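You will see chain A twice below: alongside chain B first, and alongside chain C after that.
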Partner chain A sequence: MFFNLAFFALVLPFSVLAYAVAPRRLRWVVLLGISYYCFYHTSKKLIVFLVATTLSCYLCGLWLASIMDKRDAALAVKGAKRRAVREEYKKHMRHVVALAVIFNLGLLVTCKYLGFLLSVAEPLLSLAGVATPIEAPRIGMPLGISFYTFMALSYVIDVYRGSVKPDRNLGRIALFISFFPQMLEGPIGRYSHTAESLTEGKGITRSNLYQGTLRIFWGIAKKLIVADRLNAFVETVFDGYAEFDGGVIALAAVLYTIQLYCDFSGTIDVAIGIGRIFDVHLPENFRQPFFSRTASEFWQRWHITLGAWFKDYVYYPVSLSAPCKQLTSAARKRFGIHYGPLLASSVALFCVWFGNGLWHGSGSQYIFFGMYYFVLIMLGGLIEPVAISAAERLGIDRDSLPYRLFQTARTLAIVFVGELIFRANGLGAGLEMLSSIAHNFTLGAFSRWDPYHMHLDIHDRNIVIAMLVVVFVIGYLKEHGLDVSAKIDSQSTLVRWVVLIVLILAIVIFGAYGYDYTPVDPMYAQF
Partner chain B sequence: MSANETVIEILEEFCPGVDLETTTTLVDDRILGSLTMVALVAELEDSFDIEIPPVEIVATNFNSAAAISALVERLSDEYDD
Partner chain C sequence: MKKADKTNTIKALLGTLLASATILVALVALSALFYPKDNRAEYGVHDQEANGVLGEPENSLDVLFLGDSECYCSFSPLQMFEDYGFASYNLGTHSQRMYYGNSLLHRATEHQKPRIVVIETDTLFRKFSISSTMFQMMQDALPVFEYHNRWKSLVPEDFTQEPVHTYFNGAKGYIARFAVNAADDEGYMDEEEEDEERLERIPRLNKRYLQYMIDYCHSIGAEPILISTPSTVNWNAKRHKAVEKFAAETGVTYIDLNEGEHKVDIDWDADTSDSGDHMNVSGSRKVSDYVGAYLAENYDLPDHREDEAYANWHDQLAWFHKQVW
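Our next item is the complex of A and B:
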């Protein structure tokens, strides 16, 4: 249903048409109806999980509103001890937030992690005399549960923090949580950012229709021309890595990273493009990640909305909790202004990266993936002052082009290793593949390349390289302040139509679909 | 000592060598990163006996000594008995 031919040929045009002809005050109802139809079509009875999350967060928002009303009334009383009053009501509000978090994470855990938890608990249950193995109930996973749960929780926490007013309109909350372009892979939006534009019901303008359509086809081009074309090769190597030498495995790690980027960012382009048609501005999820100079910077440019969610709702709350603040102050006095906060932040960073790994799934490779970045970012922080002083002593300009290229190359290597672990069929397989790269790296396989067996011939190679050059140039220009899509939008109608038609023709001619290719579902939808 | 003077005294430790009277890009130029930000927030909370919620930890509130002073004054007013 989502982002396939039927969706683009039927559902999306119908949505645009229905939205355009509906009275302005009912347009958001059209979006809500289509969102729930799409969700039901893919998840069937699991829609109860979406409804439960929506209702729970809506009710918790109202509950917080009623506590805030009582608090404000208490504060208005002359002579009231403002601080004591605030603290008292804040405690009540924390309980409401805790309830929302426990309930909704409980739903997420039930759908996504129950089998994993039972497998972990089995030895203990066995010791306690419970008959094992215990079969986990097959509930299934509602579409986009990891994404919409985080969005729903962000609403409740933002109400608690006072950055969002509690919404008394259940339909608006339901639409914010279920808006259909976001349902598959995000981006993980915030209520303060999108809710208003979702329900404003602005008409469809020519500019938005063109910009949105262009963005949709750009996303499809990245996915169909690059990502899906690389899929068979990547799958062949990762599934049968034992028969390949280190050179081929290293190439597979690089091409998997490219595949994932083109697939995920392409799907996000489609989501943002659809939003744009309805004048709903969804947040960007990627900002030229391969230009990053450090692993930390990479994560500020890759899956931005997930990183921002963890920063706002895990990193800061943990860092600013009373024990961590005490640790920060003590460590700062003991270890100085750099190492003190770094050591104290390690607790919060550990929570963030453990959560980030676990969010992707319960497999050991995902936990390892999170810990890999935790260790690297901590090491980066520890080494930074030494690297700065070493560069000064050696007379190296850290802003010079060669040094920046060195940093980018180093970051890319870190990312490729991380994605290899992420994609491997289990942690053991990932470590064996890395070992093969380290101990069995040869280029021999490339001279006796069998395109049929490897599912990658010279035709595929040339198309992938040509498309990647286009992606790189557009990314490079954006990095230097030139937004190509805005530039196209400012051209004459003829030029704009030519660009769109060329893009569609490129997809039709060079897209990896049909006889030789297996359709590939959007890769992040499984998370 | 005024709030602004206290803020500047605190910031001198976190941003050595920076002209705190004129700089308005402490966060934008990454003089204050996420690590130092947490330590700074902890120090401000202790010094002014306030709580700075995460929602207030945004660039506009921390880009200059004046912005930080305005933030602590606003939060101090909210907490005043």
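Our next item is the complex of A and C:
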């Protein structure tokens, strides 16, 4: 239903039209109806999972509201022991949040990890005399369950924290969780950020329509011109890596990273563009990640909403928990002001990266991927003082262009290795591919390149490079404060239309679709 | 609405219309540029064998065959010409979906007036999405969507030359398979007891397309016929029942060569190239013989064997005898 011709040519125009002609107070109903239609069309009866998540979070929100009302009433009584009262009600509220978390993560685990858990449990069950193997029931995966579950839980936790008021409008909660542009791959929105604009029912303006449409086609261009074009080559090398030398495998790792970026950020552009048409400002999920100077910075620029979710709902709760605070205090005394808190925060960081890896799937490569970044980010923190003093002693200006370029190149190498592991068909395959790069790196394959078998000819190479130059320039300008999209929107009507028409025609001519290509589903939709 | 708002809205609408018209004009111009200038593979044409029909003289074909690989491996137009005299063309293509079959049918009937259109039934069970049909419509209306990848091979002549169709396929779309791999045909058309009342559903979209194609055939004066070629892999009792039901409801002739009165005597040890999936040369001879005889007997098809205009069919037959048989 998403990211296909029927969606863009039928569902989306119909949605815009229906939204525009509907009375303002009913516009959110139009969006909710279309969102549920799209979800049902894709996931059929698995829509019960979405309904269950929505109802559970809505009811938990109301439950929290009722506890808060009681708490406020108790606090209003003269002579009440305020601290004790607060603690008592906070405990109740925590139980409600725990219930919501357990229930919804339970649904997520049931759909996504049950097979994996059973395979892990099998040896134990076998020892206990239970007949194995146990076949996992085939439930299927509701569309976007990993994304909407996190969004739904963030609402409940935000209500508990008091940063969001409990919503008594079930429709608004349902729309926040199921809003159709973000159902496929996010971004993982927050209630405080999007819920109000979803139900405001603002009209469709010329500027929003243009900017939204431009963003949609920009996303499609990145996906169709670059990502889908690289898919056949990447697939060939990753599926048959034993046939290739390290040089080709290294190229595949680089091109996979580019493919994933253009695919994922392109799909997010489409989601944000659609939201923009309805004047719903969805959060950005990418901020020029390849300009990052460290692995840690990379993750503040790549899949931003997932990173922010883990930071707010895992990192802070763990690092601010009583045991962790005690650990920080003890470590500070023993290891000093830099290493003490760093070592203590490693517990929270471990939880974040283990969760991040697991969120992508139960495959060993995903867990390893998470641990890879955990170790690297920890190492980065540990050696930072040493690196600073070494640079000072050697007279290296850490803000100079060459040093910044070195840092960026180093970060890119780290990212390419990480994505290789992430894409590999299992951890073993990933490690073998890395070993091949280390021990069997030659450039021989490039001199006897067979475009037919490698699915990349000189024209493909040129068009990918040309498009990446455009992506780079736009990113560079944005990095330096110039938003090209806003700049275009401020131009004359003629210029704006010319830009859009050129973009559309570029997609038509240079897109990797149709007879010579296999369609590629948005890559993050599988997670 | 304020006057200024009204003016802005009208301006925006006019701007959108103008931009849409510009895109459309650009796509029409690009379609002319990208459309292959000859119906040959080296000019960028896809499915050259099927598109060879464009190189056939106008109104020279009596029968068209549509379908997937079951079709192009089973029906040999040259053999039918040699034995029964009518001229046919096989428009079968690899994994042909109905929307593409429909497109080929329209493409072929721009210059041909067939009396019979045979649809091989394996294609009825190949699922497809509404997006695929929409995309096919776009490709048919604006060929730049089909041939856009020719940006890699454009030459100066593409900007000036009008398209011609100089290629015609020697075997008239039929593709011979020479391999022999025996099949186990034990009970492939048997009805399992629990499935007695069950039939495999023809997907809803396929059914609509089939009905549309049938109506189109009638509108151009052609008789549509459904034929199931022998295949132990692709055919079974449930599919037979589904097509039989559809044919009964719509009044279309249905012939199943796997069973019943039209069963063709296939030697499953010798007549299949890939363990019952497709007919090989030997199997297609039997199928073509039966279908050719059936069409010649039941429909008033002309005999072109003595017709001077069909002299090159005899040349092709000589080549066919040498190369295929």
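Heads up, the rule we're going with is that the second predicted complex is superposed on the first by the 527 of 527 C-alpha atoms of A that agree within 3 Å, B and C clash if a C-alpha of one lies under 4 Å from a C-alpha of the other, contacts with A are read in each partner's own complex, and residues count from 1 in each chain.
Here is the rule we go by: a residue touches a chain if its C-beta (ideal position, glycine included) is under 8 Å from a C-beta of that chain, and two chains touch if they have at least 3 such contacts.
The structure presented is a predicted model; accordingly, all values stated were derived computationally and were not measured.
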{"item": "Three-chain arrangement built on chain A, chain B and chain C clash or fit", "value": "fit"}
{"item": "Which superposed partner A:Arg82 touches (first chain B, second chain C, both, neither)", "value": "first"}
{"item": "Touching partner for A:Ile501 - first (chain B), second (chain C), both, neither", "value": "second"}
{"item": "Which of chain B and chain C A:Leu405 touches, first, second, both or neither", "value": "neither"}
{"item": "More chain A residues in contact - chain B or chain C", "value": "B"}
{"item": "Which superposed partner A:Ser319 touches (first chain B, second chain C, both, neither)", "value": "first"}
{"item": "Partner chain in contact with A:Ala330 - chain B first, chain C second, else both or neither", "value": "neither"}
{"item": "Vertex chain A; arms to chain B and chain C (CA centroids, nearest 10 degrees)", "value": "170"}
{"item": "Partner chain(s) touched by A:Ala9 [first = chain B, second = chain C, both, neither]", "value": "second"}
{"item": "First (chain B), second (chain C), both or neither touched by A:Asp516", "value": "second"}
{"item": "Least C-alpha distance (whole Å) that remains between chain C and chain B when both complexes are overlaid", "value": "41"}
{"item": "Chain A positions touched by chain B in one structure and by chain C in the second", "value": "none"}
{"item": "Interfacial residue positions of chain A with respect to chain B in the complex", "value": "81-83, 86, 158, 161-163, 311-312, 315-317, 319-320, 325, 328-329, 332, 337-338, 340-342, 344-345, 348, 381"}
{"item": "Residue ranges of chain A touching chain C (in the complex, touch as defined)", "value": "4-7, 9-10, 206, 457, 459, 493, 497, 500-501, 504-505, 508-511, 514-516"}
{"item": "Sites on chain B touched by chain A in the complex", "value": "13-14, 34-36, 38-39, 41-43, 45-46, 52-55, 57, 78-81"}
{"item": "Chain C to chain A touching residues, read off their complex", "value": "8, 11-12, 15, 18-19, 22-23, 26-27, 30, 46, 129-131, 134-135, 138-139, 144-146, 148-149, 151-152"}
